[in-house]
Each structure stands twice: as C-alpha cells, then as structure tokens.
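Quick one: this structure, given as structure tokens, is what I'll be asking you about.
Letters A, B, C, D and E name the chains as they come in the text, with residue numbers starting at 1 for each one.
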C-alpha cells in the first residue's frame, strides 16, 4: 500500500541495532502478490480498512450528489423513482455500513489501538485480516448489485413489509440483508480483536485509570458492537428467511409482526449512532488534550460519560418509532431516556471547553477541524433534543428536518473528527506532515458547503417535505430551498478534492514528521513514523496517564520477550500485571481464503438455500487450514515451565 | 498458538440465518399435520341423548303412493317413504337391479324421480334429462331431453356444475339449467313445453336448485352467492313459464315483496327497507342472498318456507350491517310472493353460513304444547325448531362442534358470535368451526315419523380464514377470503347423525372420514340410506345406526337416494353416484391440493379423496332379489 | 500487586535486560521467566470466546424476545398446531446434561497436560455431540409444524436451527481438536483451546436447554 | 402562538426563513394540536438557541483566551490545582444547568403530549383511513350501514368537531401526515390504531405520506377539507347518493366506455356495474379537487392525460395506461366530470 | 490489489449476466406485439403433410421479477384467485400442475386470458391492458414452475396456502403420492 519505507528519526531505534534487525526479521510480513493477502499486521490492515472506507465515502458522496441533483427542481425526470430509491438506499447503506463503521471503528481502531496500548500487534491478527476481507466482500456485493441494477431500493433501514417477500421482488433486498451479514461479521470480528487487545495487551503500568480516553471509548464501542450488532443480524437474517424460504416472521396474516422488525432494527440502529459518534468524540478528546498542552480536565467524568453513553444508547431505540402509535407511558420513558443521553455528551463538551479554557490552546489544523466538530455537532445535538420530544418528533419525523439533524450529528460527529484525526495522525501513518494551507481550504470549503446544504434542510422539513421522495410538486414551493441545499454540494465536493490533492501532495513532498510532531502524550508517538513492523523496539511500561509527558526518563522497558519468534506480552485486564507470554500467529493466506469461501456461501445463499450445504464444506476446510497447527510450532518450551491456570 | 480458535465459531455461526435453511433443505420432507385442536377447548359440542325413548310422530304426513315426484318427497320435506318391504332383516340381501350411466363426470346431486313407472334423472351440466322406462327389464331409456345450456355458464358455478334435481307436476317435469333457464318438459314425450330465461350468467348468476311446484307455480331461485349476484326467488306459471312474481332477498321492500302482511317475530327484522339500510350504500345490489336450496310448503297455512344464502362477499368487513335478508328464512305466500315473516340465522354472516338448508315442517309437542314447527339444521351448527306460523325460535341446539358462536339467545333470537373468531382483513383467524360449508350444507336430511328422529348427513370440518379486500368484477367470483379447511376435532370430516328434534339431542352418530355429502332417505322399514364421498352406499338401522348393508359404487356419492314401488310391486332404492360438488371438486375438477386454498379451501380437507374415488356418473338402483 | 500471587513465576523488575543489547534506560521489566501458556480466564482466546458467546448469547436472547413478542400477537399458542412432541427433545436434553461430564473432564485435565485424558475426553465429547446432532435431525421431524406454516413455526424452526448451527460447529471443532490431539501438536496453548472448547460446550448446552424450555415448555404451560 | 418568546431580530430572521404560502407547514398550524406542537417547538427552540449561543461563546472565548499560533509543540503546562478546581466547578454547574433544562423540556414535552393526545369532546366524527400503494382510502363508518361513505384522498371534516381517525394499511407501512393539523401516525399492516384531530379554521390542508412506501411514495398526497358543519353534512348527503345518471349523450357514451374498458376492473362507480375496490371509488370523483393522490388538478386535460398515460406522471403506479380512441377518451372524461 | 480488481470485475460481469433482465422494472414499455394471437397454435396436430412452422412466442415480462410479481398482484386483484385459487383451482382448473388444456406457451396463456375459453373462462379483452395480460401469463407460468426461481415471486403477505414459487423446484411432479391411511 501507501506505506513508505520506515523513516527512522529516533536515534534510539535506528533500525541498525542488532535487536531492531532481529525483530524486523521476525516480524516481517511476506511480500509479493500472495504476500499481500497474507499480511496480518494491524497497521497494514488498519490502513486498508481506512483507504477502502474512504473510497466508499467518495462513492456515497457521488450518490448524495445525485440525490441533490434530482431534487433541484420539482417533478424532475433526471432520475426515475426506481433508480432514485436505489440511490438513496445505497447512499445510506454505504455511508453507515461501508464507510462510517469501517472507518471510525474498524480502520482507525485497528490501526491505533495496539500502538496506544504498547503492543506489538493486535490480538488475533488473522481474525482481523479475515474481517477486512469480509468487509470488502460485503462492499462488493452491495456495489456489484448496484451496478447490475440489483441495488437495494428499500431504504437503508429496509422496513418490512416493503422489503419483504411480497413487495420487493427480485434480489434487491436480499443483497441488502446479506451485505449486512458481511459487514456485521466483520465489525464483530474487529470488536473482539480490539476489546481483547485493550484488555490483554496493554503495556505494564497502563492500568484502567491510566488508559487513554481513546482506548476507553474503543472498549465501550467494542462492547456496544458486541451487544448491538446481533440485533441487526437477527433482523436482516429473519428478513432473508422470510424472503427466501418462506418463513412468516413479518407476515401479519400468519402471526408475524411488522413492528418486530423495527424493534430489532433500532435496537441495533441507535447504539450504531454512538458506535459512529464515540470514535469521533475520542479523537476530539485526544486532540483537545494535545493542543491544549495540558492533561485533559475531567478524565474520570469523561470516561464515566462514555460508559454511560454506551449503556443509555441501548435504551432509546424506540424514539425512532414514536409515529407508530405506542402507549404514552413508553413514549414518555423513551423521551426521558433520549434526553438523558444528552447529559454525558454535554459533560464531554463542558470538559473540552474547560480544558481549552485552562490550557494553552495551540491553534493548528487538526484543532480547526475540532472547532468544526464543536459547531456542527452542537447543532445536531440540540436538534436531537427537539426530536426526543414526542409531539415535535411526530411533526418532523421522517422529514428533511430529521435528515438535517442526523447529518449534523453523523457528519459532525464522525466526518469532522475523522478529518481532524487524519490530519493529526497523518504524520504517524505516513511519516510526513499534511499541508496546512490545503487543509485549511479543505476545512472552509467543506464547512461552508456542509452548512449550506444541511442547515437548509431543516427548513424544508418544517415546510413539510418528507424524506425519501424522489420528487415533489411545484405547488409545494420547496424548490428554492432545494436549490440552496444542492448548491452546498459544490463546496463539499471541492473541499474533498482539495483534501485528496493534499494527501497526494503530502505523501510525496510533505515535511518529514519525526516521531512526535505534535508533542502528544500517547505511546503511539514513541516510535518512528510510520511504525516499524514490530511497533516497539522494547515493549514499554508506563507510569502515568500521559506517558510521553509524564513518565520519568528512566521509565523501565520490558525485556525478556523472545525476538526469534513473535512473542507478545499478555497483561492483566485491570492492573496490567504481566501475566504470560503469547505468540502472535503471524501472516497467513488462510484468512483470505476463508473469507472467499464464506463470501461464496453468503452470496450463493441469496440465490438458493442449497448454497449453505454446498458452501459449508469449503468453509470448514479453509477454517481447518487456518487453525491447523503447522511449521516450527510448537516452539520448544523450557522443560518444567509452569503454566498459569 | 491457535490464535483464533473462536474464529471458527464466529464465522461459521454468523451464517446462522442459513442454518435453518440448511436444515429445511435436508429435512424438507418432514412436516407435522395441522390440527387446530391441540389443546383448545371447544366452545360448543352437541349433547348426546343417553336414554333415548322412541316417541313416534303424532302429526299427519302426506299420503304416499309409492312414487317420488319431488326431491324432498313431500311438501313437508321429510324424505320419508312409507314403503316397508325392506327392513333390518332383509336389507342385507339387497342386490343391484339395474344401472344407467349418465355419461357425465361431474357432481351428481340430483334425486331420481319416479312418476308413472318412469324414472327421471337430471344430470349435472349440460343438464340432460333422461327418462327411463321402469316397466321394461333393465329400465331402458325412453327419451332424453338436452337443453344445451351455454358452456360458459360453467365459469360461474361456484362449486361444481351440479344440479339438485327436478320436480314433477301436472304432467310436466320442471327443472333448471345452469345457464339460468327454467324448463318444463312433457313427462311423457320429452318435448319441451316452455323454457324461460330467468337470470344472466354475465352477472354471475347460475341455477342449480330443484324447483318446487306449488299450486301450479314453479318456484325457482338463483345461485351465485360467491359471484356478487342479487338473490331472488321467482314464481313461474307452470303452464306458460311466465314470471308471476319475483322476490329479491335484499333491496327495498317493494323488491323483497314486503308489505303489510310482513310480521317478523323479532324486532330486529322489522322496519322499513331493511334490505337497504343494513347494507353500505348500493352493496345490496351485489350482496348475494341467493336461493339455491330447498323450499317447503305448508298447504294449511298456505306458506312456503325457504332459506336465503350468505351475503357477499365473504369478507364481512366490506359489508357492515346486518345484511338483511341474507342467511335467514322467509315465509311467503306462494300466490303473491308476499313475505309473511323472516328470521335471520346468521346476521351479518361472517363465515359463509348460508341458510338454504331444508325446512322440515312438523307438528311437534314443544314444552308440552303441540306446535306447528319447522325444523331447520343450519350451517351455523344449530338445529332450529321454529314456530312456522310466527317465526319464533323455539329451540336452537348444537349438532356439531362450534367455535364461532356461543349459542342463540332465544329471547332476542340473536346468534351470539365469538368476538375472537371474527375474521379480520389481513389476519388469519384459526380454528373456526363449523367451516364455510357449515355443520351441514345442502345435503338434505330425512325425518321418520316412526322413530320421530331426524337423520342428518353433515360435515365435521373446521377452517382458518383470512379476509381480503374483494373486488367486484361482474361475472367473476366475489369472495375476498382465503380459507383452508380441515377435519374437525377427532380428525374426521363427516358424520351421519340421528337427531331428536324435541329434546334437541343426538341419539346416535356414525362418523365418516369425509363429509357426508349425500342426502338421506328413511323408510317405513326403519332403514336409513345415505352415501359417502368415497362411494359407499349404506343402509343403517334407523334406531341404532348399525350398518346393515353397504355397496361400493363407481364413484363418490353426493346424490339423494329415493325409493319407489316398481311396476312389479317391489320396493326399489335409487341413487346417483358421481363425485363432485364443492366437497368433491378436488376429484371432479382435478384440483391440486398442494394449494390449500383450492376450491375455496375445501380441497385441503379432501386431500386424500382422490385416493378413494374417481370421477363418474352412474345411476344405481337396488332391490331385493 | 494482588495478582502476583497467582502467578508462580512473576515478571522480574531488574536493572538490566537479559538480551545482549544496549538498553537506553537503566530499568527493565524482565518477563523472560513468564510462562507461555495460560489456562482459564487469563487466556486471551478464553476472553475472545467469552465475547463470542456474548454475541451469540445476544442473538439467542433476541430470538427468545422474538418468540415472546410473537406470542403476544396470537391468542392461541401454539396457533393451530400440536406442541412439539417430547420424545427427541427430552432425550436430547438428557444427552446435553450428561455430556457436561466429558466437557468438564477435558477442562479439568487439560491444564495438567494430561494429553491422554484430553484425547479421550474429546472423543467422548465428540460422540455426545454426534449423538445429539443425530437426535436433533429427528427432533426436526417431531416439531409438529413446518417453518413455512406461520410465525410460530418459523420461530421454533429458527430457534432450534440456530442452536443446531452451534451444535454442528461445536461437533466439528471437537473433532478437529480430537484430530490434533492424535498428533504431538496437542500441547501448550492447544490444550488451553481444548479447555475453552469445553466452555463453549457449556454454552451450547445451556442455550439448548433454554431453547427446549421455550419450544417444549411454553407451548404446553403458557 | 409564540409571542411570549420574542427576541425581535432573531424572530424576524427565523420567520423569514419559514415564510410559507400554503397550508403545509409545521409552523403554520391550522388546528389546536399543531398549535400546541408549534408552541412547544418554539419554546424548545429558544431554549436550545440560548444553549447554542452560550456554548459557542464558551468555545470562542476559550479559544480567544488561551489560543496561540505556534508551529512547534509548546511545552506542557504545569498542573494548576486551583484553576482546575474552578474549572471543575464550572463543568459541574454546567451539567447541573443541563439537567434542569432537560427536565424542563421533558415536562413541557409531556404536558404538550397530553394536550395533543387527549380527546377533549364527545360525539366525534370517525374516519377510517386505509393506506394503499399509493393512495388513501377514506371511509366514514356509521352504525347505520347505509350511511357509510367511501371516498379517496380527500377528507372532508367539519370544523370545531373532533375527528377520530382509525388507521389501517392494505400493503406496506404508510404514514398519515398533515403538518398544519397534527403530527403523523404510521399506518401499519396488521395493526389498527386510532388518533384524533380537530380543525378550527375552515380551509383545505395538504398532507402527505411520510413513511417510505415504494416507487410512488413521493406522489401520495391527500387533502383535508375543513368546512362548517352544514356544508359538511351537505357533502355527506351528496356522497351517499349513487352516481349521477349521464345527462348527455356524451356522458352516456363515457359511461359505456368506462364499463367496457379496463376502468371497471379497478374502480367503483356506485349505481353501475363497476364495483372493484382496488382503485379509488369514483362515484363522486368530480367532487374532488385533485386526482392521482393529489398529483394533478381535477381538470379535463389532466384527467385525460392521467387516463391515457399514468405511468408518465407516476412511474410505477398501479393505474395502467389506457390507449383509448380520442372520442372515447373525450366521452369518458365528460362522464367522469359529471360525477359530482 | 490487481487480483482484487480482477475478482471484482469478474464478479461484476457474472452478476450482470445473471441479473441482466431479472431486476428490470418495466414501468412504461409497450408489451410484445399482439399478432401473437394469430400465430399461436394449441394443437400439435397439423392437417396436411408438413407442419406449419410456428414462431416461438416469447414474453419479455417473464424475464423480470418485478413484472412477475405484478402478475401475482393482478392475479389476486382481477379475481383470478376466485376460480383458480392460488394455483390449485376450484371453479377453474388448477394451474400448478402440468396439465395445460390450451397450451403452456406464454402466447397460449395470453390468448386464454384475452380471448377466454368456451367452458367458463371469461374473456378479458379490453378489460385489461395487454401488458397486464402478459404479466399474468408470466405469473401463471411461474405457478407451474415454468420460470426460473430467480424471477418467480416470493410468498405474499397472506395466509400461507402453498410454498412460494421461488422456493419450490422448477418442474413439479403431477398427481398425488403417498398412501392414505385406512378408511375407518
């Protein structure tokens, strides 16, 4: 990929030392064509995740532009309803399942978590690689469907009965629900990897109360993924069964229920919002701390808020269903819960303000994006408060007001922090600094374009324009605002082009970054940029919350890990006491092959249930291939070694 | 290390949506039987009379000359013959006397008539009338009359192209053709005397019922309740075929022939233009209420009694209101057609409970008082005993399992529907008993004055129903329901029941695998005849129901047995065999029971009938050797 | 450092590393004496297995919720069917309960490095899983409904189908582990995997019993 | 409605952005319920606006207070226990204010919810609304069956009378929403639910399906005609009559065309043989202002265009194209326009 | 990277081939020419020595899952179910089996719908537009398993009276199998 040769800037780790050479040999990843598919290092997989997700951001953006173009005048015949429905469904599904989660949770998490933990690799790197290929498989299924006129056209939520067997002929909705299976398995796999890495591979000394906020949030998100994603798997799985083998889960005539789907979907759907937003908040917390040049104020309250957000996120799903006519008691409960979730988010905002207030705010490019986040997300959050109120929600639900709201929340909560994060970690990932001037242009173009488009949509919503309409009548007088909204797309597109130019330019001629260009406190800044394949020459230990700021110069390092095999250190989940050593399984082609066979079974099952029995043996074979112990292993163990029980 | 042992679980089990699919692919062959009665208590079951004491009938019946001139034998519709040559001791030697093939392979529901040593048989579509000379050995054909009805009329016959027979009066045989013509044929020569078209197939009308001739008037009614027709009863002049009067079932009073004489017993049936007011605007015009069943006549009171069929469509939500005057019984003056009283068995009928079943006119001691009553086993599962002068319901007792209603309030005459069993649009309601064909459909029962019992051939079916929005398109079915029928509790489909009309209890009952879709006949020899769908023609003891004799015919029996004294003085029993009708449509129409809704859901209950019998059309006549 | 006690060979804080390499800092944490195998909750795969069971448990929980949700939408339960016949279900439940024994045995003997015991235990466990799978096939035939009949039947089939998926996965995994145990590679972490496999079997048994209670119990007593 | 919360320039700005000519606007209520919601909207809006301003001021002043431009990382600040404590107090009190504000909003929301949902008077008019892809079937159930009215897409209601709406759907989920009247309600297959509204100003109010329901979700409008009670009753009496007999030869021919072409396969005209319920009831089609679920005005030209090629106007609609001869079409339109 | 591209390309091409017409939603297109009614032939017997070559009749609507599902909807709406139930028959003959009284070609079925048949099948000429006749013909063929599963409709949201066309095998056996339990 785009990772250049390591740029060695740290005199302690010149790569020339004997240890560095030995580690580099041990931890090297295979090269060549097959090697590309065998690579299991977390930085590589993380970058792949991010690059792929970014491609889908761009594709989703193209779809958004098509939507805005279609709505630019009443009764426009540019895109007919058939294609329009596919386009907005693809836009939503792409942005949520192929961009937001893979970028913010999977890609960024896989890249940064082991570095922040002080680990040599992520836990279960093969599972991690497998997750990536499965994600790509899901993306190909969805977009392959779209280019062959089989794009789902039932909305990214795919409500039954519209998406059910009776009203959605062909395989469009099947493509959607099987794409869900792909991407959710991928997200769940990564969640297991990340959570295990955080709990087991933290550097000695990085106890829970010294864990960076970003790790806390990744842990909470992983848990949210583990408990929320099964709901959408069930929802889409039951939908698939209804469509393909004639079950009746959502057929009211035969005892099924259409609201059941909505409950299952939103039980996933709302935590999903936090799965997307929390990484953004984590990035902002990290950046605010770094650029305020002080320890973040209110570490504990922020951590508590993050955990609380994770919990409350599971009890607000019904606010997506107010219009279905639920009993008033449950409406009140879910209103209260939805309002309650404002408190932890607000608390984080206050802590950020206080940190900046009491710090010395260094106004640099990533911080500019953070301010963009503050502004945009604040608007989204506040309109969210309005939506939590049942009567107001009954008016603006399913209108462009809601579209405006959640774009403020999701673009504000994910895209702005993402760009902040990209500009912040760009030097770590590539070894070179991104260009500030272009970055500033990027910001302002995008910021202006975004607000032009989406602030306008609030008014369209209040004027009664529903979502998901492919056109509208001239007598509704919605054209003016729609033109205004569509004009913002030009700016956003320009901004993104500037960003791409910046990336290309900076990769080639950006300033060499050095280990720690921002002077940040995280462990990821302690090695060369980009990180060597073994991440840390010596696995570090930490004695404070902000290791590079606080740890004494004589902070010990871990020794005694073998350098002839990929040995990693496992520490205790709570107090990070070194517990035992583990062996990283190393590169393997089998995860890729397994992903291929699993994908084949998944895709085949859209067309015939026989794909399951026929597809199962290859899956089993590739999995045994993946798991079967081979090679030198087992490494001879010292005789009389006592095993931890 | 095996770093991701768990991955195998993860990836393999993430395919779980496909796992059931796998199982069902592997195990697709296995499936359980549907039974709605796993644990659920039935609401109503018939009462069995433990200590039955025979109480011979005290009233008068018409005289019997050994002929059979109308399907129900007499005006009181008893289907009782005073011939007593056959009795419990000799019936087992009953032998086939002669047979005659009709050449048709649809449902033969007609009763063979015997007048002046000639037997008359009406076949299903194309409704040929055969006259057989009984005086000659083997009963050769005398003549055949072919009315040549338009073949397209088969497309509006809801439940097979049956015909329920002819009536004889004044030297003529009267019957109806499927394409809505009433014909009068000279009984001797077979020449057509007149032919009157009384309905239009393009509106979905057809005719299947057997006419009744009262005082020179031929009373005929139409069929097509499943086609959105407007039901009527018409009187034709027996000599000329001119329409004398026509009484519609629904509509304004002048169409229904409601005038000053109309005095229903219950207040809900009184009022002006109820035939309009109890329907959504203009729905009465396509609201069914056809008259395709049996008519009885009381010469003393000079009243005819007949039931009206179900309102259309089946989807009851499409027709709020009581839907007068469907699913009820009319008493009319045969001379003018004027209505005298009306009673509605199933107001706002929810389950296709037509009320066209036979009305047996008897004089019975009820509560110690001798009353002029009519006995009516209704589709809704109750045997009604009503005062036939006033229309008062004297008793309504359960003769088959019922879940759709809780009983009949004798004070108000109202049927008590069970709210949970009300079919809803877009939702399958399960365990509805009796099913659409009712506890008993058209198959007529017989009454023996010697035992005082009513012999009821009937069904034992339940169903699931889902209502759908119906579309009225003239000439096409107007139903609006998906139905799936199955055997009732106990897992059998039919019964033949001896019923005590005074006590309102079952005396004995014979279970049958299939609905007993044939008529009944009882003779003075205390033998009851009936046939089964799998082709057995049976003679059972009138007191105990013990099987005395049976004969396997070539096809399923849905006809009406008749008996007569032959020219040789011997007693003969005649029956048409030829499976079909609604119940037998699966065989007659070659239906595919993989679709549980075939034949309006009846095919599901009759899935295995094709294993038992095949299409056919044959007259069988039996006599002692 | 409370956890120190449970580790027999703690990491040693020292002033020089054991590898012949210049260290930039004077202090080191020497972990060379730490063991390379951990059993029970300290094993990372154990933790991943817990997460995995959480995911699958959540799926089961949501299916149970679906089952009860659909229950509220019907007046009769089971609607229009006989409850599933008990024979195979109860037999299988008993098999599940008895199969806990070999699972427990493997889990107990594995940390002791008793490879023979582990091998035999895995074989017995695999046989149990095989028998349970076979009975499960017959169980499908006695559910008294077809998945395509109505929502009730669909739920019953998916519940039991989901569980069968786990059962088959566990069967295959046990067989694979058994195959490994016939080679010298069954040692160290793989013994730990065998023990984790038992944890997973516990999960399969517990969910299986709950599924049984649902489809056999609530249809009769609820 | 919201005069109590006036900060003049901002209010002007807000209103300028919401200028609206028609009766399809959340903030232009024509009914008490929409009025309550508008009130709640504005009060919440101003509270949140204040919060927004405060937060922006806080961020801006933080940036202004401590912001520096520097190329290289600045040194880490020393711990300032006292400053942190003060800042923590600030955070805590901000959280406290947030909690109070949210509680206030909750109370306002619940109170408004009660006012919106509670039925205030007896003897309501009851309407059954059934969603179809892509039109609305409207019926007025009546305990006396022959007083039942069935129409489509145009809902007549008396003013100052509560209207109870029973909902149902025949196919997919739709959502009934007239922004100027009250909030939306989903029409769910398998569920029938009820809500109510009341209109106090006569007029025609537009509404639209608000839940994505397939190809023609965009063209699934309806209108509510609120009129004085006597006019409403007159309308009712008119609707109860069967279709008018053709009064001209053209109209008679048009009826013939209707009854011999595809029209009668889907539509009802009471009083004729056409009785299908799949499409809207056309017995009194000429009494409606719009056709095709509020897509076209009910004029001869639009009607003709709609009959001939509906798939051009609403691609995917269930109405099939009818290539009629010009004079047949003309006659048919004349007939349909005579059905008042 | 290159392999991934190739795989993607391969996948895309394969999908195009598989789904080229299946997902088309013909919203506004003229149906096949109506001269089909002049060319189709029901009987396989030709007078004279040689048989008259009949042009193969095709129906573009049976390539599209959307059109077939429209046919399913129309089958319900136009009361076809009233007589033919959901393929099992009733008043009219069953359509699920392999017995075709008047031929199983799309043109035969279209002609049956449009012209009617003498024994009770009404003529829908002028009553339904031609393209709907073709959609119905396509659906009727799917009932009998004559269409590939990919375009056959799934189960409707109604009472479950039979397996859906898309989940059953393509050509179904005719007749009934199995031995009934003995009659009591």
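Going forward, a residue touches a chain if its C-beta (ideal position, glycine included) is under 8 Å from a C-beta of that chain, and two chains touch if they have at least 3 such contacts.
What you are looking at is a predicted structure, and each value in this text was computed from that prediction instead of being measured.
Peer 1: Going by the touch criterion stated earlier, list every chain that contacts chain B and also contacts chain C.
Peer 2: A, E
Peer 1: Any chains in contact with both chain C and chain E?
Peer 2: A, B
Peer 1: On a CA-centroid basis, which chain has its centre farthest from chain C's?
Peer 2: Max centre-to-centre separation from chain C belongs to B.
Peer 1: Please tell me whether A-B or B-D has the greater number of C-beta pairs in contact.
Peer 2: A-B
Peer 1: In angstrom, rounded to a whole number, how far apart do the mean CA points of chain C and chain D lie?
Peer 2: Computed from C-alpha means, the inter-chain centre distance equals 52 Å.
Peer 1: If you average the Cα atoms of chain B and of chain E to get two centres, how far apart are those centres in Å?
Peer 2: Taking the mean C-alpha position of each chain, the two centres sit 37 Å apart.
Peer 1: Can you compute the centre-to-centre distance for chain A and chain E, using the mean CA position of each chain? Integer Å is fine.
Peer 2: Centres of chain A and chain E (C-alpha means) sit 46 Å apart.
Peer 1: Indicate the whole-number Å distance between the mean C-alpha point of chain D and the mean C-alpha point of chain E.
Peer 2: 40
Peer 1: Mark out which residues of chain C touch at least two other chains, giving numbers and ranges.
Peer 2: If we look for residues of chain C contacting two or more partner chains, we find 48, 51-52, 55-56, 59, 79, 147-150, 157-158, 172, 176, 188-190.
Peer 1: Which chain D residues reach two or more other chains?
Peer 2: 171, 189-190, 215, 264-266, 276, 278, 315-316
Peer 1: For chain E, which residues are shared contacts with two or more other chains?
Peer 2: Touching at least two other chains: 25, 27, 77-78, 155, 157-160, 163, 167.
Peer 1: Check the chains against each other and report every pair that touches.
Peer 2: Applying the touch rule to all chain pairs gives A-B, A-C, A-D, A-E, B-C, B-D, B-E, C-E, D-E.
Peer 1: Mind pulling up the chain E residues that touch chain B in the complex?
Peer 2: 76-79, 81-83, 85-94, 96-97, 99, 116, 118-122, 157-159, 161-163, 172, 176, 179-181, 183-184
Peer 1: Mind listing the chain A positions that touch chain C in their complex?
Peer 2: These residues of chain A touch chain C: 12, 17-19, 123-124, 127, 188, 191-192, 195-196, 199-200, 204, 226-227, 229-231, 233-234, 238, 241-242, 245-249, 251, 254-257, 260, 263-264, 267, 538, 541, 553-563, 567, 569-570, 572-573, 575, 577-583, 620, 624, 627-629, 633-635, 637, 641-645.
Peer 1: Which residues of chain B touch chain A once you look at their complex with the stated criterion?
Peer 2: So the residues of chain B touching chain A come out as 1-8, 10-12, 14-22, 24-26, 426-428, 466.
Peer 1: In their shared complex, at which residues does chain C touch chain B?
Peer 2: 45, 48-49, 51-52, 55-56, 59, 75-76, 78-83, 137, 140-147, 149-150, 157-158, 161-162, 164-166, 168-170, 172-173, 176, 188-190, 193, 196-197, 200, 220
Peer 1: Which of the residues in chain E end up touching chain C in this complex?
Peer 2: Per the touch definition, chain E meets chain C at residues 155, 160, 163, 167.
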